[in-house]
Amino acid sequence: MTGLLDVRGVVVTFPAPGAGPRRRRVHALSGVDLSMRRGQTHGLVGESGSGKSTLARCVLGLQRPDEGSVVFDGTEIVGLRGKALREVRRRIQPVFQDPLGSLDPRWTVGRSVRESLDAFGVGSALDRERRVKELLDLVGLSPDHADRHPSQLSGGQRQRVGIAAALASGPDLIVADEPVSALDVSVQAQILNLVSRLRRDLGVAVLFVSHDLGVVEHVSQEVSVMYLGRIVETGSREELFAEPVHPYTRALLDAIPVPEPDARLVHVPLPGDIPSPIDPPRGCRFHPRCSLRVDACSRERPPLRPVTAAHHVACPVALQARSQAGTAPVEH
Amino acid sequence: MSERAGRNGGGAVLELHDLSVRIPVSGGRWVEAVGGVTLTVGSAEIVGLVGESGCGKSTLGGAIMGLLPGGSRVAGEVLLRGQDLRGLAEEDYRRIRGDDIALVSQDPSASLDPTFPVGAQVAEAIRNHRDVSRRAARERAVELLRVVGIPDPGARYADPPHRFSGGMKQRVVIAAALANDPAVLIADEPTTALDVTIQAQILHLLRDLTVRSGTGVLLITHDLGVVAQVCDRVAVMYAGQVVEQGTVREVFAHPSHPYTRALLESQPAAHHRSGDLPVIPGRVPDLSEPPAGCRFAARCPRAHDRCAAPPPEIRTAGGGRVSCWLHHDTAREAR
Amino acid sequence: MNHRLRFVLRRLVLTIPVLLVMSVFIFLIIRLVPGDPVRTMLGFRATPAAVTQVRAQLHLDDPLWAQYRDWIAGVLHGDFGEDFVSKAPLGELLAQRIPVTLELTLLSMILAVVAGVPLGVRAAVGGRWARRLTEGFVVFGVSVPDFWLGIMLVLLFAGTLTWLPPSGYIPFTDDPAGNLQYILLPVLTLAAAETAYIIRTTRGSMLGVLGRPFIVYLRAKGTRERSIVYGHALRNAAAPIATVVGIQFGVLLGGAIVVETLFALPGVGRLIVTAINQRNYPVVQAGLFVVATLFIVVSLITDLVVGFIDPRVSDRGQS
Amino acid sequence: MTTTMTVTSGVRRARSAVGALPRSARAGAAILVVLAAVAVLAPLIAPHDPNAIDSARILAAPDLGHPFGSDALGRDVFSRTVFAFRTSLSIVFAAVAVASLVALPLGTLAGYFGGWVDQIISRPLDMLLVLPALLLAISLIAIVGPGSLVAALAIALIYLPILARVQRASALVVSQSGFVEGGRARGWSPLAVIRRHVVPNALGPLLVQAAILAGFAVQIEAALSFLGLGTQPPTPSLGLMLSDGRDVLTQAPWVEIFPGLAIAVVVLAFNLLGDGLRRHLDPQGVVS
């Protein structure tokens, strides 16, 4: 059994902003399944309104799903409370997007890194101090950084502190929500290298949430693509990037700006706006923007179907076209 | 200044000569946010100005628009179709802004007045510079909204900005910016706040419209990928200076400056397979006391004693220019 | 303008529970007086018969909900009961008093807005002197207690210069010029602090708006500075200013109580104070009800104004 | 070694924080320190018994022994002002302290939890805002009867919804920070996160608002006493003094001028302090 995380049928809705007699709801997640293996980095990619951050919060136990289950290492975490919840929390730790906002400005770096050690009462005070220095060393900071305040650090250093704080309790899973999107390219590379190293050296699994397919491709072994509250395609990095099947995945790959001499933008890869998650389209949520659209798309929700054992896609039309062609329609 | 690398003929519409900007900071000190930039933009040409945060690229845009924070000092020349904009009286500058030079800035939600109908904000750009009736301005604004791809522009003219998506708002901003067929458009991170599929739409639209109207674009961005997608030429900025410029094809295929190379290599999208990404060690120098020599020397893997002196600007084989001592040698050997 | 119509209707509907809560609150005042309110009103020497009679007259022996129902039904027909001391019908008394309070507070508010908004704009965009002068006035206006300012104005204009009467009132319908003479000092007294607040709010929200990115974008479009300040920035700043004006109207109504007492103006505020001192509870109740209703109506109007100025407000609650 | 260094740096930071306050805020703080000393040491500072009637000095003009002159009963206005200050500041301090201490937990819980917790805390507090502030105070006095304690309670009641709103807004902003979610994910209970992260980071605006409101509380207290609804004679009170002085305004303006100036100075000092603190403690602009 190598499963670490098993998300099944998770639904999350929020009341739409504003007040009114008939308050409508934002459909953040509408039946999402996701599996992760131990020691693996799983990239979760999508644009705004895709629900990727909400899914991350469900896994962290910070958002309670309306429906569905989140099983972590054999334990259902939805509805978990008290001691059992704390034990799961010790093993699932977050890294947030904004490295400044994720550190208490009044606390020293050392105290922030120590926060989970204090919470779980790990070792003596002296042990914790020693552990903080080890952790800072692990993420490439010097022990003196422990006495500084976040305002005295650069963005990249802050994100290192955020990662050290997440590692403190010895987690099996780190949920990183857009950990590099606030950083410059050259700093981003440092943090991505650090994330890759953690997986390699410590065997920590990472759920890596990002809007940037390039970044996700670099760090992940498995990738899931989300659109308006649903996963449209999931698979191993190799298969998904080499043979994207879902029309949305393909458009997304087309749209990514790649810094290569011949990467000119020749056509608009995907027309139209992303619909509002308050009133999402029926059937396949992508159908209003889709070039492969057939009548059935606006009626039935397409289920995730296997392309290969390690690659699933929620588009029967593309799947059928692919099997008829015999090979994958590789285009880019 | 006849050396232009743009493909679309036409003369240079915007020329910057040795442009420097100093901005006052606390304690009576000054930061040299831009240090001696020379750059040209031709008509119907898109020039990418790329660099990381704090490199001075947005300050440069502000200097061209004449919209820097109070107390800033600008030296050098900003020539718009040969006319120096520096030292222009405020009212004269105002007449040029939005007419000959226009701006599209980063966050479309922040660019539009939240209490005004979007259409009126486009019409305002017209009436600021053309003596036309309200009705005529309105008709032209509706037409512009249609051109930038707002569905049902007549009906949506009166809607306030918050009823539009981010991508649609940026279309409105572009409509207002291009309302008077400007010679130059400064696009400062125009797609950074947008989703990637929407970004592609906006970049496509921007390129389409400006090439058609012959507007020269200075596209300021942190994203080398965006430069590759739409720009003709690129200038790479580091610590207030342009370290390398040339055609996109040349610079991306054969980066000459060590910084350009490092920047390209640290992009995960460019670096397809796993393994560590190359990183640039160290930090950007403090621009209140910039180093006398090459500003990148402290972080450069190929730094040398000579780098303590300002690097010379060398013509590259592909027709671009690079400011680096390394190429001084190659150039001399070639001679 | 479907959006706006729906906004107005929604806001009107939302006022109903507020009025309800307020009326219950004020209704309960007499009933919350510790001990027997009638004993408190009549004094210790009242005969048991008199107490019983007054209790019956005020319906204090009915169930609470029935008392409220009867009272509110009366109020809706303009029947507020009787003055406990003079036995006069309160409806007529209030009809004489309300115009005085309205004149005082509305004139003060208008003066404060007319003076405060332009000064606040100057303070935000003007030079150093404009800023210093207005800041000085704001500090003065905010710090000085209104009733003391009133007394000092009396000392100066009525005592020393004898230009204006120190106190009293003539209805506008009797003698417009005389009315203005009597109301001038009270209005100045009440408007001073108000003006200071409006200057401060205007300056603050103007500076906030002028620092926002869309102002840079307006400059980049070549919009004239005057149009940026008065056309765009002031319009954006107007919603917070209007909100503050609405809230401050409550402060004005409170100030009116003091100022009416000070200048012997026959308004609702003075009526309430006198009635409290006489333990004349029916009058206290009626007076508070009138002032609170005024406040709620003005709040409603400001909310509607804010909604019309800022479409984001009127769109809230709809997609 | 390290601790000493930390302490010194802490002191240095505190000192530089005071130094970084605008000059006006430092002036406000200085005035308040002096006024607080006057209030505490009133019996030592006042040259005369504030209630001692001296028929020889009825409406006597200010002189060296009686710097503010004497009132209609020949009482020393300076001594009365000093003692009235004491009364006034005690009422104000009690009122603002009570309101802040109640508003802090209510606002924090409403802001942090939101949803129904927010509803059951905020809705009843909003009802207090249905009446204009002074009217609310007067209603309470109409029920309970006049007096210093009632005035303090009435002021606390007026300020409670305002302070709770500020604290709610501030706690809401802080609660959206990553470090608050992080604290939960790092294994702390909601209440521990509130204590460790939310309250320390959200307290600033409440302090600013309390400082500003304290100034106006002096005005409200004086207004209530002026109307005869606050502090009752013979206790010296600024509002009562102003009310009494009205009758002798033209003969003895000093009876009127000095207590009024005293009020203005307190309000001014609190305002200067509050505005100065705002820049440091309320960067988000939660206080309106």
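Which chain is which? They are A, B, C and D, in the order written, and residues in each are numbered from 1.
Just so it is clear, contacts are C-beta pairs under 8 Å (C-beta built on N, C-alpha and C of every residue); 3 or more make two chains touch, one makes a residue touch a chain.
Which chain is which protein? Per UniProt: A = ABC transporter ATP-binding protein; B = Nickel import system ATP-binding protein NikD; C, D = ABC transporter permease.
As the structure is a prediction and not an experimental result, all values here were calculated from the model.
Listing every chain that touches chain B and chain D alike gives A, C. Considering every other chain in turn, the ones in contact with both chain A and chain C prove to be B, D. Among the remaining chains, the Cα-based centre furthest from that of chain D is the centre of B.
For the pairs C-D and B-C, the larger set of C-beta contacts lies at C-D. Chain C and chain D, compared by their mean Cα positions, are separated by 23 Å.
Spacing of chain B relative to chain C, judged by their CA centroids, is 54 angstrom. Chain A and chain D have CA centres that are 49 Å apart. Separation between the centroids of chain A and chain B, computed from CA atoms only, is 32 Å.
Shared contact sites, meaning residues of chain A that touch two or more other chains, are absent. Interface residues of chain A, counted against chain D in their complex, comprise 60-62, 86, 89-90, 92-94, 96-98, 101-106, 112, 115-116, 119-120, 147, 165, 168-169. Within the complex formed with chain B, the chain C residues making contact are 212-214, 216-225, 232, 235-236, 239, 309-312, 315. Only residues 52-53, 165, 167-168, 195-201, 203-204, 207, 222-230, 248-250, 252-253, 262-264, 266-272, 274, 276-280, 283 of chain B touch chain A when the two sit together in their complex. Those residues of chain D whose C-beta lies close enough to touch chain C in the complex are 127, 130-135, 138-139, 141-144, 215, 219, 222-223, 226-229, 242, 245-246, 249-250, 253, 256-257, 259-260, 263-265, 267-268, 271-272, 285, 288. Of all the residues in chain D, the ones that touch chain A in their complex are 2, 6, 177-179, 181-188, 192, 197, 200-201.
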